[in-house]
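In what comes next, subunit A is part of two complexes: it sits with subunit B in the first one and with subunit C in the second one.
And now, the complex of A and B:
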């Protein structure tokens, strides 16, 4: 018990804060705890959660991927075009995943082989990928995606839970396994913590970074396909500014922007917290302009937990000694 | 140490309490400010929707008659975001209007259309306008990204004695003329239609787009004011922003459908968001009216398929024709009003397959060589 507590202090603190938030929302509108609304919260967190899981990998390597919203849009468009033109859904999904791999690998190429700053490199690909999406569609949305594709993600399992919620959970479980149980995970943390030292100790830095950006691209393309299934249409403007929410979720969950730290569980809880916040504010009918103010405050306060974590630890120690 | 932790929790709780308190206040405030903003706009700054010196295109034709066209006129048009269907249609409208006018009058009229790739390149748009001024265009038709980004470029054009027509959306207070749909009326038409469909009672909600250009604000206040002015029993239970994003508006509507089981209609500031709401309504298997604004092709398709219930189309193709006609009139020295309201109409299943020209009763003016 103590072991788990030590390892996931940060996650537990954020989770408790989320519960407190949920209690406040419930006090103001009991409907917040209805099963259907809980489903809404989980559905709301799916896109941001999957995107955040991906961007967490790049942030752990002390990088960033600003192009996820654009990979998201391109995948939606490409898969929509495939489906509309009669490509079997499974094959269309493979195409979507490949787009994620290519988009991510190109980002990886820029930050490793060309040694570009991740922020600048992905700022460039952000515009590049978005431009491709515009060029391919000519600005017209692709519509009438058949149900055979949509139901794969958008269909209901039981109790109203949709398959895409399961997809998100699988993404997080895989992310957790990669990060905590594999050599690749160790390498990701090592590269983010101290690239020079990692290199000297025999970690293949290039390969590790490529993996991070490819995982990120694939997550973005999975999110793009979920969006497509949910809306039944894809447009070039989809996913604008989605990267900011993804970064926020990862940061709230304890992923250090300087690299070397971050967990799948933390990011999951970060995305969960944002979803609770966003749905909760709609449920209690907070004015739209105020929502921005509140979201900002919450992100700052939640990030402040980073610093009080040490205090929390000390407090626990005192308790134990007393 | 423990204190510090508690203090942080307190801050978080306070932030919520603060928002909680402001909720009720904000709701009444916003409904009040909706009415106020139109009033202050009337007295202080230029607002095309409430401007007194305003005519419809029919009134213009009745007053001034034929459109005299000088030979060899070169017009310049700068739009925003050619990735957006609305602005592309406006572009087609300009180009086909120039062809049509050349044929009808027998003298050559050309138009140069340029536009930014996205809705945030404010300085890029300014450069385009200055470029057109320098190339010696005889008149400019501008659709600014914001209310202010073309102010300097318009001053330049004025110095060069080039008349400027402000065509829709961002409002340039210093431009000579404005042509565009009445955004306030968009909201009124939607409210009236919903009221008729529901027998004037039931809960309604509004999905707003974050207001950068004034159209979104006007659409929302037109909708709310219609309900207030007509003592309608429609009850606006919620009003939230969805950033013009289809996924966000779907999520928003899904939450509302849980919270307000008796919700009867949702009005959206544009079609994109309305189509997201349609998906949420379908998934919940509810009978909720969804009304958008813009009249994009996808909205028409959705109305045909029984998804979207109505949209208010402001016919960018004809907006371009009206704008060009008025620009030529101004160039010929006719004393044009400050504002010309362009045609718009509510489209639902009863008229979705009708020709636009038929719906708005469009006829071209008579163009004669000067």
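And now, the complex of A and C:
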């Protein structure tokens, strides 16, 4: 038990903080705990959660993928065009996933083969992919996506839970398995922790980074398809600035920006916290401008947590010796 | 002369550990005083107390007879006139020498930095130190030895009367080391007190007057260096006599079977025309000065860098196509890098993960990794190699140098590597751990593995090697095949390129 606590200290603390936040919201408006509202929280966290799960992989390798919001948009547009033109939904989904693979692989190519800084490389593809989305659509939305596609993600299972919530959970479970149960996971952490040492240990650094960026691209395309399913239309401006929320969720959940650290559970809880915060503030009628202020403060405080903890432990140690 | 530094009954605790136990000793003004001890003996801790890095301790510190208690390193520099020259030089690469020397204490003219005065003052100090670079030079363009001088110039800029040097020669060439010693002599003549920490006993004998020996956080003895033998010194440090620790205890199991053959290897800049053979069961030494190109050759052999010319054969088969570290690992070659911290282990990894990273295929249960198998494997090596503390789940970065080295060696043993390349295997490792590493090497060759050992320490290279290749400026200058006839002067001559 203690072992589990040590391993997931960060996750547990963020989760408890989220529960406390939930209790405050409930005290101010009991409706916060209604089933409908809980559903809203989960639905609200789906897009950000899936994107965050993906970007976490790149951050663990000490990289970043700023282009996820744009991959998200391109996928939505392409899949929408497929569906509108009569391509069977399953095939359209395959096309969507392939777009994620290609977009991610190109990012991987830039940061490995061309050795570009991930921040700069994906800043470039961010604009590049967004541009492609505009060029393809000419700026007009693709509408009237048939229900046969939409229901795959947007349909309700039971108690009002939509399939896309299940999709998100599956994404996190797979992410967790990759990170904690496979060789790829160990290699990802090794590359992020010390790329030189990982390379000298025989870790295939190129392959590992490619995997990280491809996983990230695929997650972005899954999120793009979920968005398309719930709206029924796609446009080139979709997903603008979504990468910032995804980074925030990963960071709150304990993913180290310097690389080498981060868990699927942590990122899940980080996305969950942001969703609770956003929905909660609506429920207690906080002005939407103030929501940004509060969200910003929470991100900063949550990220400062590590240091607070270190300070606290040092203080305890001093007490002990005195 | 009075006492420059006096430590009186210093006690220091870290959570759960009593690191300094009633340590008392004093350092005379104007002497070069060595602090000796194995890793973990308490040398760095007592220096950190002196320099105000640790402000919480029991006991009294006196400088020139006056009791002081620094709360911050800046207090020590400003009020105590006491400076530290670090093991790894701490400089801001993109700034000028002058800016580095005066950092935080720049001469001002009104609101702005007075650069003319800065460079004039610093140039004066540099010429006093016989430095061949100027205050306006950018630090990035300097060599390691020159950067070391910046730290000393900084101490003089602050008019320090006490300067401590922590392993100052670790990254210096022979020539730079000599230049440093000349400066130390000069400082000593001008009345500066020097505290000197080094693992290289030769250096201690060369420049130190007296030495204080610490062991396990306790004061052991104070020695007059001129009247002490090397054996006595080692005995005081480790508490037992150690013969030349690198000497082989077992007969060499070397065979004639060639496991690795390198022909005319070059990378166009660091080394050229390198040819040698490695036999099964032998320890092949590579001696040379820093910068001779030895590490670069080895990095190329394991695929971390690319060659531009030459051929490599493994077990008689030529290596073709693009060679990388992953392929090298599959072909059972591994390297223990020189700088463990930046190249050896993953900082955030436990010992278990650092050991298993090169052999993950071995710990699978079905499609998934089995943490239990990883742990079991690590525990086996902790026992076999006596890695201490016996905590496989500790972070490797918190282990001592010698034990970190063993953890990385365990990584290659786990991967069943046949050819293991050690780059400066005992750098920053204490005497006792050195001996253990040499014994491990002997066990490895007895098991039929073949080792290449890069060393810049001549006693080590001569003691451990079956054959010795000497490199100088990117070339092989000698291949000495008879270990009975290894000769210090001859080898040094080859290394310097004199022959």
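The rule we apply is simple: the second predicted complex is superposed on the first by the 307 of 322 C-alpha atoms of A that agree within 3 Å, B and C clash if a C-alpha of one lies under 4 Å from a C-alpha of the other, contacts with A are read in each partner's own complex, and residues count from 1 in each chain.
Note that a residue touches a chain if its C-beta (ideal position, glycine included) is under 8 Å from a C-beta of that chain, and two chains touch if they have at least 3 such contacts.
Not measured: the values here are computed from a predicted model.
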{"item": "Clash-or-fit label for the pair subunit B, subunit C on subunit A", "value": "fit"}
{"item": "Subunit A-centred angle between subunit C and subunit B, computed on Cα centres after superposition, in steps of 10 °", "value": "130"}
{"item": "First (subunit B), second (subunit C), both or neither touched by A:193", "value": "second"}
{"item": "Touched partner set for A:29, first subunit B, second subunit C, both or neither", "value": "first"}
{"item": "Partner chain in contact with A:134 - subunit B first, subunit C second, else both or neither", "value": "first"}
{"item": "First (subunit B), second (subunit C), both or neither touched by A:185", "value": "second"}
{"item": "Most subunit A residues touched (candidates subunit B, subunit C)", "value": "B"}
{"item": "Partner chain(s) touched by A:286 [first = subunit B, second = subunit C, both, neither]", "value": "first"}
{"item": "Contacts of A:304 with subunit B and subunit C, given as first, second, both or neither", "value": "first"}
{"item": "Touched partner set for A:204, first subunit B, second subunit C, both or neither", "value": "second"}
{"item": "Shortest span in Å between Cα atoms of subunit B and of subunit C, once chain A is used as the common reference", "value": "14"}
{"item": "Complex contacts: residues of subunit B adjacent to subunit A", "value": "1-2, 4-5, 8-9, 11-13, 15-16, 19-20, 22-23, 26-27, 29-30, 82-85, 88, 117, 208, 210, 238-241, 243, 245-247, 250-252, 254-256, 258-259, 272, 275-276, 279, 297-298, 301"}
{"item": "Touch list for subunit C against partner subunit A, complex", "value": "13, 15, 56, 302, 304, 324-326, 328-330, 334-335, 337, 342-349, 353, 356-358, 360-361, 364, 367-369, 411, 415"}
{"item": "Subunit A - residues contacting subunit B, complex", "value": "17, 20-21, 24, 28-29, 31, 34, 36-37, 40, 43-44, 47, 131, 134, 139-141, 143-144, 227, 230-233, 235-238, 240-241, 278-279, 281-291, 293-294, 297-298, 301, 304-305, 308, 311-312, 314-315"}
{"item": "Residue ranges of subunit A touching subunit C (in the complex, touch as defined)", "value": "177, 180-183, 185-187, 189-190, 193-194, 196-204, 256, 260-261, 317-318, 320-321"}
